[in-house]
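Shared chain: chain A. Partners: chain B in the first complex, chain C in the second.
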Partner chain A sequence: MSVETATALPPSESTAAQTWRAFRRNPLGVAGGLVLVALALVAIAAPLLADYPSGSSDDVLVGPSAGHPLGTDDLGRDVFGQVVWGTRMSIAVGFAASVLAIIAGTAIGVAAAYFKRLDTALGVLVDLSLSLPVLPLMILIAALVGPSATTLIIVIAAFSWPEVARVVRSQAMTVMPQQFIAAANVIGGSNTWIIRKHVLPGVAPVVVVSVVMTTSRAVLSEAGLSFLGLGDPDNWSWGTILHNAQQSGSLTTAWWTTLFPSVAILLLVVSTTLLSVAYNDARNPKTR
Partner chain B sequence: MRPVTARRAVRGLAAVLGAAALVVSAAACGAGGASGGKSATRIVIGTTADVVNYNPLVGNSRTDSWVTNLMYPKLMSMDMEGKRVPHLATSWEYAEGGTKARVKIRDDMKWTDGKPVSADDVVFTIDAVAKEKIGVVAGLISSYGSAKALSPTEVEFTLTKPDGTFLDNVGFWMAVVPAHVFGKAPSVAKFANDSDWVSAGPYKLTKVERGQRYVLDRVTPYPLAPDNTPNLEQVVFRVFGDVNTEVLALRNGEIDLVANALPPTLAKSVQNDNKLKTVEIPSLGWAHMQYNVQRAPLDKLEVRQALAAAVDYEAIRKSALQGAAVSSDSSVLTPTLKQWHDPSAQEYRHDVAKAKELLAKAGHADGLTLSMIYDQADPNIAKWAQLVRDGAKEAGIEIKLEGLERNTYVAKGSNRDFDIYAGSWAIMDNPPANLGLAFKCGGFINYANVCDPELDKLISQAQEQTDPQAAKDPIQRAARIISEQVYDNVLYVEKFTFAHGAKWTGFEQRPSELLSIVNPESLAKAKAN
Partner chain C sequence: MSTAAVGFAARRVLRGLLTMWFAVTVTFFLLRLLPGDPALAIADPGMTEELRANLIASYGLDRPILVQYWEYLVHLVQGDLGVSFRQNQPVTTVLLERLPWTLLLALSAVVVTVAVGIPLGVLAATRARSWVDRVVQVGGVTAQSMFVPSIGVLLLYVFGVTLGWLPIGGAIDEDVTGLAAVGSVVAHLVLPCLSLVLIQLGSYVLTLRTTLIETLGEDYVSLARAKGVTARKVVWKHALRNALLPTTTLMGLQFSLLVGGAVLTETIYAYPGVGRAIFEAVGRLDFPVLQGAFLVLAFTVIIANLLTDIAYGLLDPRVRTS
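And then the complex of A and B:
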């Protein structure tokens, strides 16, 4: 019976195809996706696009010119190179933190929905974590542990999972009463198997949206912490470029040192927002 | 369906743009605020930190010093070359082969409650510092035995051994506090002194708004001011988020003076502004890297020499400091200290091939990895640390930068928990005393963990001389050992730039960022045209 029910469901390709068709009709979503792809390509191809900015030169704080399309900083280093290499670091930290947060958040969200006895305790844990003053705690931990990419990833992930857990739990709660879950229980499926085969696929769409949004927030957090001087000093990131500009006093005298990394951050945040909004609308039959 | 989607997307976009605009504007504006600087009877000074300690014997941040220097007198001030000049003390001398030191103090200085500043206050202060081992002064007066007031204006110190550095150290570094106020506290070191201040400077603290402002009112009579009266009725310190916002406030006329030295980039732009004036002040300290000589592989001389050879000193001065620094000749006796400087000192040569050769000789031909800690809030060090890292990489040494929050940095430095320590000393004006603290076995600020019997002997010899000329030879020999053994890699001596509104005149310049033009004599004489 359960096998018949499962096979009677529309094939997943069909849903995916419908979602993709609806998504393609949304120009802002497509543009967001393209910008993200472009940023990812910049991150991957950074060594081909610009030399790694290091050392110093005599061209200190030179505005945008043919030689330096985005100008130079207070040590005469190319801002274009910094933004390009910063893309790699910012996205890497953002993505890694997001993956950690998604794994933890999904595990806790699904566990809360699936194991009723854990729901209250995990709910309290999520509420408690959400009520913490995130930025001061991030600053405190990053300052105490010392700045590095690993620190940033762990700190950002540690404060990003509760939102994922809450969203995933809500979605999983709508999956749990479904008949196929009850049927899977009846035929003696183990908890792990049921979660893997039935619950996780049910929450996958919100997880996809969460990955994009959490990455975006993680990139912002990375930029914020780096701007405050808690970034990894051995790697360029967008926040580090802003931090250097602020610290050297060129914030108010050399606009190019702050504008271009800010634009990069803006592009990433806007494109992820547009992409996730468009995807959300495309997969929802009511807004498709 | 599609219009709804588009509207959502536009709403999302608008929200993100709005948030981004807020972030950008917040970053650009930083701390903001209050009015000031309009009246010629008041000077508004910008600073980037709050006062942490109102107890002048304990506080050691720049803002602490700027505020408490206006309230608590020191026996001596210093001229532009670091030589001691009278302040509360009028004269001083050593006696009995350097085991006694005598100081005469002014008879016309009074605490704000009307009681005279007397020899008893000096005796009380030094006894408290020695007994409770308070601050850096305690480390500088290891030879102190006892003190007694010979009269209300004469103090005699008895020393446990001849010490030619004692008077200079006590005279400049120790603020004198009122015995009748601080004496009531069970512990002088723990006395917060955060209200009802009784002071004896040209201005007294009257109002504190944490994170905002510190208001000090004029004190009369103040004998070191013209006609016993400081020119200004009020000195206000305003707290800003960072030096960028401070300079914006200075340009807008919200404040009259920036107490912090300007980063080189900002200094250049301020110099071109005809509404502002800049003042160049030499440093009495130096910027340096110390290698933890007790930690492998930095215990090997070749490794330290390789690190020194991998640094492009000229690039640091030219690019990171924008020319606002001079070479230290890789010596702890920097050219600023004319009476101590050794003309034979030479800067380490930047030679990457030599660095590689030395590294191979030390058994690290495949390169090595080290970490370097620094205070991430120090703009100059954060800049040159990157140049040092990039230079070392060429020589096969990977330096991992650890820009730390100040308290973590200080704790790691104190615990000697680092490979390389990048930092700067604000004032190292008295080599026999300072080198004792920085390089003798177990010295208070011996961050490199140096323990070299020959060096200790030479520094002790210099410290025992009451005549600076007699101390010169042993201290120069000690400095040569420090340079040869690379116990300290002194990078440069900074030239600080300070900025104030063009209408202001009368400032008295003193060396170092701690004194600059924000010192008691200067603010007692400053006036607006």
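And then the complex of A and C:
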């Protein structure tokens, strides 16, 4: 009898599998994911897709044509190559900054939720950091330290963690009152063990969404700093292309020097937004 | 005003002051502890050791850090932000000339966002799941995802260069007076202001839409409907008032983003505000101006948040007690 009952029931699916099944049914989320994969491939395969644009040529400010599908800039450099290599730089800086910010933000958010004595102090720190205009502060520091990829990554990460910490903390607060945490305490589990085994898995879903959203915000920050002239001088990024168009004045005459990097930024940010909205919906049984 | 209201306002002012102190302290210690040396930036590489030492002493950079911190605070309270490295002018003078333009730009952007955002939000919420609602949602998400300079360049190219309707740079024409001057200021303001409105409008409308849909499901709204209040009055008089609270709080939180957007927009349009001063100071490595500009913008954001908070606390008793 009991064997029959067991086989009559469908095998229970893991939460991850249910989330994945619900996610696949959302066309916008899937499209967002595909665009991100495509951008990542462009970033990885940049050397195969285009030569690194450098030097100058006589084909100055040529519009999109057979030789230069996205036109050339004021020094005759290929805009297609700039956008392709810019994808590599923008995503690399954005992703690296995001990973640093996620590690710091998760550590601080979990600490605030788990150790009650730290909560007020960390909460005030996060609130204060979030109420300051971040871009002017990043500009000040990046200008002082000197522009480079490392500077960009560290400066962006240093001002992106509070957002992560706030989200992780509020998620961890919903895990804390669960009985398994109290039980883990009673059987004498150490703090690190409880955090690793019980709290971190509980906040993992919001951390996953955070990686995507923080990367997208970090790419925007990188573009902003580079646009103002604080980008890595040795690498093309989407913001650097716009900076050059602004500096040379070609933004008023040659639309292709600004349109294509702008479209690249828009694609990345829209697809991350769609992806994380779809993931959140798929994870939530109410909206699944 | 009741004592509760005074207490509430006092607590908020105190929090604003704490945030200002935090901004000032973070700036000071970051600048002193970071690898870059501000004295090196002004010091010529070919300068003699003696000249360099004199220069460092004249900026007070040779004394213990806590003494420097104290003096820095004292100077700041007196409105002294140091001297611009390149322009040989007090930073306060440089920035106070610029601040009114930034305030004009930011305030007009907020006013237009609210004026356009409320009707759009109401339209989307009252016709939830209709095509109007979907257009508003997709448009909102897209606008939110745009890079500020991209919007700026797009508007500049279309309305300034191609159509030639509006000026593409500066804040006012030279040699205009009276009404012509006002017209010139407005004409120069339209495109930068519109760029800032577009980046904020998305989240404003989407938040208003969500909270309004929630509010429209509340019991008191059903009661008003049951009493025979007209549909229009239910939305605009009963539901909207409550839905505006979280939306306004969001606006407050977005002030700091708006200021960042203003820096980028002013750069595109050569608009003579604090943001453009930042862009120029980056090119000249003028650290006192960069530092002063951050503090001026931070104080502006803090004061704007404070005023929103207090105004809302006075209008809505729930905020005071929570």
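Everything that follows uses one rule, which is that the second predicted complex is superposed on the first by the 275 of 288 C-alpha atoms of A that agree within 3 Å, B and C clash if a C-alpha of one lies under 4 Å from a C-alpha of the other, contacts with A are read in each partner's own complex, and residues count from 1 in each chain.
Note that a contact is a pair of C-beta atoms (placed from the backbone, for glycine too) under 8 Å apart; a residue touches a chain by one contact, two chains touch by 3 or more.
Predicted model, so just to flag it, every value in this text is computed and none were measured.
**Student:** Looking at the superposed three-chain arrangement on chain A, would you call chain B and chain C a clash or a fit?
**Tutor:** Overlaying the two structures gives a clash between chain B and chain C.
**Student:** Is A:Gly202 contacted by the first partner chain B, the second partner chain C, both or neither?
**Tutor:** In the superposition, A:Gly202 touches no partner, neither chain B nor chain C.
**Student:** For A:Ser262 in the superposed arrangement: first (chain B), second (chain C), both or neither?
**Tutor:** both
**Student:** Quick one: is A:Gly55 in contact with chain B, with chain C, with both, or with neither? Answer first, second, both or neither.
**Tutor:** Only chain B is touched by A:Gly55; chain C is not.
**Student:** Examine A:Leu128 and indicate which partner it touches, taking first as chain B and second as chain C; both and neither are also allowed.
**Tutor:** Only chain C; A:Leu128 stays clear of chain B.
**Student:** Name the contact category of A:Gly81: first (chain B only), second (chain C only), both, or neither.
**Tutor:** neither
**Student:** Tell me the contact category for A:Leu137 with respect to chain B and chain C: first, second, both or neither.
**Tutor:** So A:Leu137 only meets chain C here.
**Student:** Which partner chains sit in contact with A:Leu251 here, chain B, chain C, both or neither? Use first/second/both/neither.
**Tutor:** So A:Leu251 meets both chain B and chain C here.
**Student:** Applying the touch criterion given at the start, work out whether A:Gly229 contacts chain B, chain C, both or neither, answering first, second, both or neither.
**Tutor:** Both: A:Gly229 reaches chain B and chain C.
**Student:** Which of the stretches 20-28, 74-82, 110-118 or 182-190 of chain C runs into chain B once the two complexes are superposed on chain A?
**Tutor:** For chain C, the listed stretch overlapping chain B after superposition is 182-190.
**Student:** Find the residues of chain A that appear in the contact set with chain B and again in the contact set with chain C.
**Tutor:** On chain A, the overlap between the chain B and chain C contacts is residues 143-144, 146, 227, 229-230, 242, 246, 251-253, 258, 262, 265-266, 269-270, 273-274.
**Student:** For chain A, which residues count as touching chain C in their complex?
**Tutor:** Touching chain C from chain A are residues 128, 130-137, 139-141, 143-146, 220, 223-224, 227-230, 242, 245-246, 251-253, 255, 258, 262, 265-266, 269-270, 273-274.
**Student:** Mind listing the chain A positions that touch chain B in their complex?
**Tutor:** Listed in rising order, the residues are 25-26, 28-29, 54-58, 60-61, 74-76, 143-144, 146-147, 227, 229-230, 233-234, 242, 244, 246-254, 258, 262, 265-266, 269-270, 273-274, 277-278, 281, 287-288.
**Student:** Quick check: in the complex, which residue numbers of chain C touch chain A?
**Tutor:** 18-19, 22-23, 26-27, 30-31, 34-36, 38, 41, 141-142, 144-150, 153-154, 156-157, 160-161, 168, 253, 255-256, 259-260, 263-264, 267-268, 278-279, 281-283, 285, 287, 290-291, 293-294, 297-298, 301-302, 305
**Student:** Okay, in this complex, where on chain B does chain A touch?
**Tutor:** Going through chain B, the ones touching chain A are 1-2, 4-6, 8-10, 12-13, 15-17, 20, 24, 27-28, 242-244, 247-248, 262-267, 269, 315, 318-320, 322, 376-377, 379, 382-383, 385-387, 389-391, 393, 400-405, 408.
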